[in-house]
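The chains carry the letters A, B and C, assigned in the order they are written, with residues numbered from 1 in each.
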Amino acid sequence: MSKRGWFVLTAIALGLSLVAAGCGGSSKKSSGGGGTTAAAQVKGTISMVAVWTGPEGAAIQAVLNGFKAKNPGVTIKYKAAKDPGQVLTTAVQGGNPPDIAALPSPGLMKGFVAQGALKPIDFAKSDISSNFSADWLKFGTVNGKLYGLFFKGANKSTVWYNVHAFKNAGVTAPKDWKDLLASAKTISASGTPAYSIGGADGWTLTDLFENIYLRTAGAAKYDQLADHKIPWTDPSVKTAMKDMSQVLGDSKNINGGASGALQTNFPDSVTAVFTNPPKAAMIFEGDFVPGVVAGQSKAKPVTDYNVFPFPSVNGQGAGDVVGGGDVIVMFKDTPASEALIKYLATPEAASIWAKRGGFSSPNKNLNLSVYPDDITRTTAGALAKAAVFRFDMSDLAPAKFGGDAEFTDLQNFLKSPSDVNGAAAKLEKDAAAAYKAGG
Amino acid sequence: MAVAEVRQPALRDEAHETLAVRIAKLPVHLFLLLIGIMWLIPAAGLFVTSLLPAATANARGWWHVFSKPSEVTFANYRMIFHNSAITHALVVTAEVTIGATILPILIASLAAYALAWIEFPGRDWAFVTVVGLMVVPIQMALIPIFSLYNTLNLYDTVLGLILFHTAFALPFAIFLLRNFFAGIPRDLMEAARIDGASEWRLFFKVVLPLGLPAIAALAIFQVLFVWNDFLVGFTLSQDNQPIAAALAGQLRQFGSNLDVIAPASFFSAVIPLTVFALFQRYFVQGLLAGSVK
Amino acid sequence: MGVEFPDPGRTPPAPRPSRVRAAWIPLSFLGPAFALLTVWMIYPAIRTILRSLWSNQGNKFVWFQNYSTMFGDSVIHTAIKNNIIWIAVGPLSVTLFGLVLAVLTERIAWASFFKIVLFMPLAVSLFAVGVIWRIMYQQNPDQGAVNAGLNSIHNVFNTPGVLPRAAPSSPAVTDKFVFTKQLSAGGTATLGLTAISPQDVPAGATQAAQPKSKPGSITGVVWRDFKPGGGKPGVVEQGELGIPGVTVALLQNGKSTNTAKTDNHGAFTFDGVSGSGYQVKIAPATFAQPWQGVQWLGPSLITPAMIIAFLWTAVGFAMVVIGAGLSAIPRDVLEAARTDGASEFQVFKRVTVPLLMPVLTVVFVTQMIGVLKIFDIIYATAPGSVINNATTLTFEMWRRSFLGENAFGIGAAIASFLMLLFVPFLIYQVRSQRKNL
């Protein structure tokens, strides 16, 4: 199932409420200083493909209009595609790719680099390194050359909770994994299961694992595991899985039990937490949860639902973020394309969308006050300021594993959470096969 | 093989039945009533769900509404008609359905006429090949056609979908129409030929009008099939998907957003249902004409 | 009818031989069909078979490696197994069910209404059918209509308790809800329960109180041993509510000697108690679990569940076609058999069924082909966690090729294998039609 969809959803829900307010799409006045790169005006036509439609489509148009306001001689043809990867693969094979595209994962970018379809964007290196943390620069780099600019990010290191359920149980947002487990026990005693898990969609389980793993094993091991340089039977994996089983094994404390969770898809798992009376108190998932809440229940931000950062585990990794991002890449090197990429690296470009909501920018120089509400400020702030940011590991793995077998294996782990060794062995077997076949 | 022979099942002299016979039939009535209800419940469930706000539909089963009818709202329907993804998909579906109904019938009638009434070497083999193609599964063609469409720029176009559906409708359509046309009395055809009518004239003036019942049946079948297609639209299209495929897109994105899926599914079924209800007589007759000789 | 079509005053040319025509005439009639069939069916069939011999990326010729990968894949094994189940169960039950209904509807006055009801699902897209049944099959009897129906039957025999989810709050109460301490006259029992949500607390509950010892009696309290933050387990505290209406049993040597009900404070009293060796237990009926519902969408029942959904769509078609076939049977043949003294069943078996055989075969074969192509229902009905249990060859072919993996080599191999499965039907079709030429 598509994780992308959830990012889309965020905007639809958050964006809708703000479309009216932020409708000044073609506002000629740009907010920030804007004069960091006093580049000469460029002319020409730029074609661009990205996934954004609806309110998100309107938002990217507003950003592009910001660029056009500075370069009136430029025409931008923007086309939305539900699956840019597929459309672009086709276009590259047909020899007519767009000038610029936004890809939903760095894996796709690497694929296109391997095909020789992308042009490096080293000309924008200084703009990017001054506005983004080193991690983001690194993710955009393949074989020593810079190819991608991360314009839009997603924070998956968040836990969403029902404010009333927490209040009834008399617990507050936990800071560490141990607090979280203790709070969960108290919540259970209050009569509401603590956890809601959308186990029918396997990616919710990979996200939970990745958050724990990044904290317990550290970023270096995380990278090694993502590249399958260490096996899934590594002790570090088993440690993280044992921590994970403290949640998954607490079947009575999961809404519907483990078997019920396996039949609950992600949106239902969100609804379960924010319905009244709640069927569970909290859910581990990313910053796209509010979009689902808005679509499926009457819960209101802050008063009914709220968020806390994924807790540290044994005191480690507080503030680390696992997430995703849309990366801007260039297929054709023209002066206009180059100017647009430089523009998209500025906080000014990011602020145009940020104001409209449904958007988290990895740009560290973007002033958090431009975000429309406290919840977005929390999640987007954590993303931009994270000391350690890592991509969702399952997105980096070959699709056969990260989009399929890993899901099934973790679903089986949810069925029998005591069998850490068996689950690790199965994961390793499937990972080995998938990485060997090549991604 | 004339279609006129096939009548709707005759109702047997209900009026003359004795009381004893009627009582003996009671279990049959009850059984059929039960089956009928069982068949209606799922569709009724979809309809009721389509009238509920998302939060309600997600919280409890749809039948609870009967104890709280105030929940019912047409807001979902208003919403889907403002959902451009759904309305666009409905337009695409209509376009594809119209194109992929008229085109195969036209092409198939031509071919069927040739196979039935024009003698040429290899005619029987041509017909047997067509019959054999009837069982070729659609899935088989998806990969090559997907690549082909990408090079021909037919991917994600209404024309691409129409042509695909047309091709896959042809074997059955040719088969059915050829058998139907073959049932036209020979004298009639000979007379027309002696009068000097060309093959084209014969086709348009004699065969097509006489073939109308079969053509109607075929049209209904094709409308139902194309309107309800999911696989082809989902695979060969992206931004111009027909309704079933577009619904799947909604399902993938929103998981269980029943407030969109349910009304859109229900609404998308209304048109084929109407077509079927209006023309079901022809449908049955036509099917029998082609398959039962 | 004759030659009535308009012939606007043109002198008829001399009759020409009607049989032999120039080659271009049949060609012009057949040309468009020929072109479409070649490009969209024949070319792809050949292309698919060739493609199956190349690697997934299409850049390496790998002989039969895709096939060996495919047949070594456990998910493909499940897909083949499911295909066999679908083929064995689907067409046969559709045909038989259709036959029975066709025969029965012949005898009723409201047949046409009944037929429309049963035929209706065919007009609904299989994708929507999947959505419908996914709603029907929800496990929670409060959400899924199928389990709700079964639940109402189940509840005739078992009543769920008032506190199905409650659990003991401290080790002082066992998991069978027995107070661990042996009591004698004048003793007190504190039966603390947790995991009761505020809205599950029975109406009228008020502040619980520590039971007071009373000579000649055993007294106690059943209460919600929880306040925000947790409180002290096993201790009655301010803000913790008694649970009214709970049946408590007094046990002596494991046998129930008396029962009492708790009041609004959760308090209960057993009077006239003497001696020792008593235990207090909350009646298990309080905690009787409500029925959990059949896991229709779980890994083991998903295929049967989807076959039922398929029956829902297909039976109407079978019934209508078979019904039309029935009505085409000459009445005199049936009457002749009846006057010969055959019973209705014998007439059905000896006369009706043989005469219907061609129609039954057509229905059976179309359903067989339909079942082999089944796809939409799986996509819409099966939750992500059971896709691997629900899959079939067509679904797997599509999934490998178009859902992220882009494994076109494997996909083409599966498609080629599928074509092989269709060959028997192809032979059947060709043979049955050759007779008719």
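Criterion: a contact is a pair of C-beta atoms (placed from the backbone, for glycine too) under 8 Å apart; a residue touches a chain by one contact, two chains touch by 3 or more.
No experiment lies behind these values; they were computed from the predicted model shown.
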Third chains touching both chain C and chain B: A
Please name the chain that ends up farthest from chain B once chain centres are defined by their CA atoms averaged. A
Of all chains shown, the one whose Cα mean is least distant from the combined Cα mean is C
With contacts counted as defined, which of the two, A-C or A-B, has more C-beta pairs across the interface? A-C
If you average the Cα atoms of chain B and of chain C to get two centres, how far apart are those centres in Å? 25
Just curious, how far off is chain C from chain A if you go by their C-alpha centres, in Å? 34
Report the inter-centroid distance (CA atoms only) between chain A and chain B in whole Å. 42
Counting only residues that touch at least 2 other chains, which ones in chain A make the list? 1, 201, 265
Within the complex, which stretch of chain A touches chain C? 1, 167-171, 185-186, 188-192, 199-202, 252, 256, 259-260, 262-263, 265, 277, 399-400, 403-404, 407-408, 411, 437
Quick check on the complex: what are the chain B residues that touch chain A? 54-55, 58-59, 84, 150-151, 153, 155, 238-239, 249, 252-257
Residue positions on chain C within touch of chain A in the complex are 56, 139-140, 165, 167, 169, 194-200, 226-230, 295, 297-298, 383-386, 388, 404-407
Complex interface listing, chain A residues touching chain B: 1-2, 5-6, 8-9, 54, 80-83, 86-87, 90, 93-94, 201, 265-268, 271, 275, 292, 295-298
Interface residues, chain C side, partner chain B - complex: 1-3, 5-7, 12-16, 18-21, 23, 25-26, 29-30, 32-34, 36-37, 39-45, 47-48, 51, 101, 104-109, 111-112, 114, 116-128, 131-133, 135-136, 138, 142-145, 148, 312, 316, 320-321, 323-328, 358-359, 362, 369, 372-373, 375-376, 379-380, 394, 397-398, 401-402, 408, 411-412, 415-416, 418-419, 422, 425-426, 429-430, 433-434, 436-437
